[in-house]
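So, here come the structures, one by one.
Here chain A shows up in two complexes: once beside chain B, once beside chain C.
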Partner chain A sequence: MDTDHRPLLSRLPFPETPPSLYERVMHAIDRARTSRLRARFALAVSGFVVSIGAAVASWSAVWTELRESSFVDFVRLAASDPDIVFMNAKDLLLGLAETIPLGTVLLVLLVAFCGVGVAAFADAWRDLRRTRFIHYSSITN
Partner chain B sequence: MEQKSDHELIAAYREGGDDALDILVRRHLAAVYRFLHRMVGDVQAAEDLTQEAFVKAWRRLSTFDSSRSFKAWLFAIARNTAVDYFRKRKAVVFAALEDDEMPDISAAIADERPLPDEVLERGDMAAQLESALGALPPKARSVVLLHETEEMTFQEISDATGEPLNTVKSRYRRALALLRKKLTDRLQ
Partner chain C sequence: MSEFIKSKSVQVLLTVLAALILLVASFTAGVSVGERKARHFSKWSENYPRMFGTERGFRGMTPFRGAPDAHGAFGKILSVSGSDIVVQGKDGVEQNVLVSSSTEIRVGRERGGIDDIRPGDQAAVFGAPNEEGQIDARLIRLMK
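What follows is the complex of A and B.
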């Protein structure tokens, strides 16, 4: 079935590839890559800014809550009389868990989010600079 | 680097080797452009679609399944890009993109002989053939081109397009028969 038609299809004109097509394709890929990195970059920057803002705004409330809670007293007791802590470890741990301020947990999560944001920011920034360099080189070379 | 297989180049690119992408594009550019040019029959549109197909391929490169043929995968993207182009242009009635619109050529299917020498020897054969090919529905045209000019097997075309093997074969047979009919009609 296949070979019978080879002579027929082999008569199709062979279109020449335009000389500039390779450059156009690579530039189109570079543009798409830059656009994707810009989107990632913008997302990372907004995440970073939002998380920093949230951390700063909640810091005073967290600090007050931490001072007012008995969490610090538990820590002090554990440091000064570890024997008592070990003897009543179960009760003390339950008590400790109850005194952990929610704000502090939130702060920890926010800081972690900040960390991820910073990492993504740095990564996107590095890629963006690298892409722009490659794009620039391909134009100038 | 130039000697590496497509799969090795993809692995190198995923590890940060930008040269690997350059080589992949250079290696397949002419074939993809040729295929798209024959699909759409227009130089400017073929150039634009080639760019679009490679950008799509680059976007999906991270999800490329290494157990598949890269060439078949790339041509599937190029083919879908061409079909989308026809849909957007609306120059082809949407239903005509399907083979259902192809006329009943069951009688011609049985005839698998090459075209008469008289037809092949005509000086304007290339133009006639290109014109007849352009009159085929895009999906049928793509199967003929992928199989005949890009030398992809029916299995590769089936894998690339996600269509059953028998559908691909049947589409090919009907397209060739229709092509012969169109050429013979033009000759007479």
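What follows is the complex of A and C.
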């Protein structure tokens, strides 16, 4: 059975949004973004600390690998005498590929990756705090 | 068409494909380099007594210090005998290098000959491994 509710609804007061709803929604968004950023930042920092720890712990192995590898000498030679590269590019490239100190390269890449992650998330966090400050200033002023 | 390429899912797909291509390419390159190095190591180990006149340590076994590089050597020249040169790499591994008439020998940036190569010199050798576990030198660059 269809009932006409219009007379009833017309007597009700016009619905108003709660005065602090906007602030509460913005605050919830802000809180969610902050906690997500904090988790990522913590992950990046712990990755950075672990990779630095691994680099320090395996320092003697890394140093031995670097000392015994001819990679750096080949690169230095190719940079100082480019004729050699043009004369024998294939063997030079294969020689370089065979002598890459992979453990050291992997460790350096890991430290760099986590370091860049820390810097990027720290920057994002600073950005978030700044926009939050601007937002609250605009509300209070 | 441009909207299709700009769409988020296509960009994710392209990134994943590029990462996969890079991964597979570097893996294939690594396997290929490892295979060459292993083949050279096998021949080098077989011919070690003949090349250097001695067994490798106790019954030909020494602690594994890494395989010799197949396409190049950088280190000190231990001996020169005719067209045979023994180079000790920075990792302590000896390599037997064969010099032929087509080998380019450089003393610094100048052209040189086999007479310029003396024991104790530092040299960079580039070449290809042969079936005897030696390196057929294409270029020898003396660091003088």
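We take it that the second predicted complex is superposed on the first by the 75 of 141 C-alpha atoms of A that agree within 3 Å, B and C clash if a C-alpha of one lies under 4 Å from a C-alpha of the other, contacts with A are read in each partner's own complex, and residues count from 1 in each chain.
The working rule: a residue touches a chain if its C-beta (ideal position, glycine included) is under 8 Å from a C-beta of that chain, and two chains touch if they have at least 3 such contacts.
Values in this document were obtained by computation on a predicted structure and should not be read as measured data.
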item: Touching partner for A:Asp81 - first (chain B), second (chain C), both, neither; value: second
item: Larger contact residue set on chain A - chain B or chain C; value: B
item: First (chain B), second (chain C), both or neither touched by A:Ala28; value: first
item: First, second, both or neither for A:Phe121, with chain B first and chain C second; value: neither
item: Partner chain in contact with A:Phe48 - chain B first, chain C second, else both or neither; value: neither
item: First (chain B), second (chain C), both or neither touched by A:Leu12; value: first
item: Touching partner for A:Arg67 - first (chain B), second (chain C), both, neither; value: second
item: Partner chain in contact with A:Gly95 - chain B first, chain C second, else both or neither; value: second
item: Residues of chain A that touch chain B when the two form their complex; value: 1-2, 4-9, 11-15, 17-18, 21-22, 24-26, 28-29, 32-33, 36, 134
item: In the complex, chain A residues that touch chain C; value: 67-70, 73-74, 77, 81, 83-84, 87-88, 91-92, 94-95, 97-99
item: Sites on chain B touched by chain A in the complex; value: 18, 21-22, 25-26, 29-30, 33-34, 37-38, 43, 46-47, 50-52, 54-55, 58-59, 112-115, 120, 125-127, 129-130, 133, 144, 147-149, 173, 176, 179
item: In the complex, chain C residues that touch chain A; value: 29, 33, 36-37, 66, 69-75, 89-92, 104, 106, 109, 124, 126-128, 138-139, 141
